[in-house]
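The two complexes that follow have subunit A in common; it is paired with subunit B in the first and with subunit C in the second.
Take a look at the complex of A and B:
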């Protein structure tokens, strides 16, 4: 609350500073009397202090509510659990993490998400292209595609739990066309792809909207020119649309990546609970399990620190991508 | 100019103070709330309609003894319960009285709890199930319900398969023969949900007394677990055998035990289920769908010399936190929560098998009678003795055994290593 309220008070200080600068200049030019000089020195001290005071609430909030807990968490990850609660154990927790096949699976799945990212971007991109090219019924599709984005992951998970159950409707449909039932959520080789597929289904609406916004900036003259030159649809997509939308595509890559790494917990929790055989663990889920189910908060802190570092690397890479695309302007 | 700076400083200081000022009273109010002392209870039952009369009776009992103490029940969602409790324990602040599951969940957290032995001495004889809340000879909670794993069977399906519904199989061979008949009649033999990996816990405890010899059983509970014993391996071999023969419902690894597997049994699609005694998946739940056609059988005899018994422990109980300001009245509240009157209400409304051995169950359906009659000879459930880490591993390995990606030998080896380390 102090932050919000402090913003109006910034303005008077700003003007005060401008006035002060004028005062100082006058004093220096005039060079008259010690009284005004002393006043200006006192003014300078107050001026120096003013920005610090004004920044203090924001800085203190960041330091005490963001950085300090972060450091506490990192520090906590170097202490033990259970009988060794509170004692320093060095890198034991991190070694245990490396040794835990479950955590390695979780990290492997993060890698898998990165590999599947192009698919998650291509799907809304292609569908947006079709809508942009006005396929029949494009207005209908535009609203239908966005619809899942307003559903909570828990509801999406529950719906797909029913649909993808072993004796559920999806397998029944497969059965009628002669394909054997697949245990979508019970087969360790399939489950992670099922969950990622549902995640893409649930979230691609947002990316689709971003793509459509990008299309609105595309110069229709280029498309007309391509049509006049006799370009086929794939050629138009490849040579005109993709280059024209490069910045939008990069943006969608970044936001989809963040979404996949940070918001799949709800879906995992409802659909697989990390199973079967621990094949759908992601670091977030691992942290939750260790903290809540195994009573290993320090180990969970270590896993959080590792996840934080991964996100830091991914985030920095994404910032550099965004900056590069911004520089093209 | 100076005026301006001072002004802004004063403004910010004022706002900051105001900000603190408005936050502070709400933060401190509960602890200083008037002349009455207040006890805060955390559980996941008090919000349940079926438990309303139980909580009411316990509150009334407590109010008689301590009219000057107010009690506040905070019902937490069960799937978040231990996460929230972990936060409270880390900060050393939280409820005075809290609910626990027996076994690993409470034993992992006894550092934060007050030993109750001196307060509950009078209740020792009346209540059963203390062992699940005991660690190193000290009792940390009083049992409210008993939790165990009777094997329920569907008498209608038995009749349909041409079997005698009043004569459930007593040996493994008989069970397999019955399963074959039931399969032929178009139903599954077992309802199994192993999505959460809980299946093998029920399996181990439900069938263990027919597989391990009495000595192996007692040693297991006492912590001397011999994972190299052929009988222990047999538990997991039979787990595989039943699945390989197609006696489980399809897609067991993607079926949730809570409550999809129970629904399979309710719907009459499977003839047996290793269920629970309290909370959910018990005689009362099943009875709502199957009426009086719910039977209870004891574990089939697998190994010669084994003595099948009912596996049960204290299910849930209330404990007192170490940081409770008034441990005496907190312990009294725990005693009120385990009074005969309150537990009787819990049993009759929620269908829980309560810890109180003096409750009269003669009016209840026969399934209850069977369960209660076996309490005396019952033993602690095998899986409760394992650490939560080993149980988690067992869940994943059991899924691997079902899908064929791990052998029984390998699974038992890994479990032995985890059990030794934990």
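Take a look at the complex of A and C:
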């Protein structure tokens, strides 16, 4: 139907973003001949505004409650707290952050998360491989593993407070095989590993489901070929599965990293409150303490900006990796 | 061949151990919740000799869990309804209508997806305080909608992209306006996506603690998860009541999981395959 793409749909640019959709024009040409001229003009105005009306609430909320606060926060991080409230202080807040051992611990722990990231990706990846290869009971495992992923960090944290207590069941089980009790949440050298371990326990099911969705796009003929050629399981994983799932693997890397940076607050709040000796601080917990407990909103904003920069690096790394793999396709 | 089968069984052993490690913490907590304090102190591992539901009713009645539960239900219901309404409207416009600036709006939503709450927490709390919305239900609801709307829009847009333009076109020939198309075509055809996005949004809001902690400081406005964290301080010497509180907060999620597992998985994977 080659109608309507000529003059009526071409308007001067200054009519703004509420311009009518292309197929509206076609529909009107085809179907509304019986309308009176005035009615159809009123209808046209409403129709032209339709995309604007449909998008207005979303745009207003996102702009005023997400993007605008981001700028506000960056701006805020260059002003002072307390007596210097509102005055410009340049990079003072950032310098103070660098001086603060708690914030340095928080950044160090981010480094630790990066180091542990491959483990957090490999575990669900390996389990998904087994489930995909139809290990006996794979359906059961699939739904059991996914279960903790829907629980709140608060609930997970509260449960593991009981399990990992010094006289709790986990140490009791270790005791029966002759391993001494470990103070999982009270030892500054151990606590951060405990919390990250619990985070992995709580989220690996999410990554597992994503991996399984990736597997379903894998060409079964490749796996059959590998089997015919007598490839071992490690060989199959290395030469067939990993290359075939590269996009999924990257996606899981990025979402797991983002999850570790932004969804461990509940665990920290319930399990360690940043302790012992501040050893389990992460940037998000630091931001919350400075804002809520210490009444240092400007310093908290500076920490927020640093966290955002870290997130930006993760996001850009994702994009560049995707570009590169896109080029190979 | 036999070796391969043996390999599968070998893999099954650590998987079974892991499955146990996944389930046992919850079983343990449930069991503790059913014990009396005395029973718990004597032996925390043995099965409760009879289920003592009075811990659960105690936590429900005396600690304010009922109040926190109601707060959560109200806030989560309103938030998710608004997210789905606003998100499906925007998703429809972004996927099926052609207009100037549609790409910019979509990229803006994507950008917002990468702004976590922690990053805008301080200025957002200030904006809410300036507008008098802090510590009110509408304030928390707005904060939730703002937080999870970009995700909702993203998934609704990619779902609506799969609806063929011919269907929309036919509806227009039948005399529908854009709003008519939204109501009569997009809502009904969007149900599967609305369901799985809605369940995920429900879980996000129900499970949140940080946003609620920042936006609803006063005790009577606590949502359930914040309530659970406050239980710990109050009941540090009464673990069974504490465990009961945890259980109360977990039960709705457990039910959602048992009945709607498939939709949850669909929502999670929709984000990954279209991202």
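Methods note: the second predicted complex is superposed on the first by the 254 of 329 C-alpha atoms of A that agree within 3 Å, B and C clash if a C-alpha of one lies under 4 Å from a C-alpha of the other, contacts with A are read in each partner's own complex, and residues count from 1 in each chain.
Assume contacts are C-beta pairs under 8 Å (C-beta built on N, C-alpha and C of every residue); 3 or more make two chains touch, one makes a residue touch a chain.
On a predicted model such as this, the values are computed, not experimentally measured, just so you know.
Trainee: Between subunit B (first) and subunit C (second), which does A:47 come into contact with in this model arrangement: first, second, both, or neither?
Mentor: both
Trainee: As a test of reading the superposition: which chain, subunit B or subunit C, is in touch with more residues of subunit A?
Mentor: C
Trainee: Would you sort A:315 into first (subunit B), second (subunit C), both or neither based on which partner it touches?
Mentor: second
Trainee: In the overlaid three-chain picture, which partner chain does A:187 touch, first (subunit B) or second (subunit C), both, or neither?
Mentor: The first partner, subunit B, only.
Trainee: Who does A:297 touch here: subunit B (first), subunit C (second), both, or neither?
Mentor: Both partners, subunit B and subunit C.
Trainee: Of the two partner chains, subunit B (first) and subunit C (second), which one does A:85 touch, if any: first, second, both, or neither?
Mentor: The answer is first: A:85 touches subunit B but not subunit C.
Trainee: Of the partners subunit B and subunit C, which touch A:143 in the superposed model: first, second, both, neither?
Mentor: In the superposed model, A:143 contacts subunit C only, not subunit B.
Trainee: Which parts of subunit A are touched by subunit B and by subunit C alike?
Mentor: 13, 16-17, 19-20, 23, 43, 46-47, 50, 54, 57, 288, 291-292, 297
Trainee: Please output the residues of subunit B touching subunit A within their complex, sorted ascending.
Mentor: Where subunit B meets subunit A, its residues are 1-2, 4-9, 11-12, 15-16, 18-19, 80, 82-83, 86, 90, 108-109, 111, 195-197, 250-255, 260, 388-389, 392, 395-396, 399-400, 403, 405.
Trainee: Write out the stretch or stretches of subunit C touching subunit A in their complex.
Mentor: The contact residues of subunit C facing subunit A are 7-9, 11-12, 15-16, 18-19, 21-23, 25-26, 28-29, 32, 44-45, 86-87, 89-90, 92-94, 96-102, 105, 108-109, 111-112, 114-127, 142-143, 145-147, 149-150, 153, 165, 168-169, 172-175, 177-179, 182, 203, 206-210, 213-214, 225, 228-229, 232, 239, 242-243, 246, 249-250, 253, 256-257, 261, 264-265, 268-269, 272-273, 275.
Trainee: Inside the complex, what are the residues of subunit A that reach subunit C?
Mentor: 13, 16-24, 26-27, 30-32, 43, 46-47, 50-52, 54-55, 57-59, 61-67, 69-70, 72-73, 76, 127, 130, 133-137, 140-141, 143-148, 150-155, 158-163, 168-169, 172, 201, 205-206, 209-210, 212-214, 217, 233, 248, 251-252, 255, 258, 261-262, 265-266, 269-270, 283-284, 287-288, 291-292, 297, 300-301, 304-305, 307-308, 311-312, 315
Trainee: With touch defined as at the start, can you tell me which subunit A residues reach subunit B in the complex?
Mentor: Residues of subunit A touching subunit B: 1-2, 5-6, 9-10, 12-13, 15-17, 19-20, 23, 42-43, 46-47, 49-50, 53-54, 56-57, 82, 85, 102, 164-167, 181, 183-188, 191, 272-273, 275-278, 288-289, 291-295, 297.
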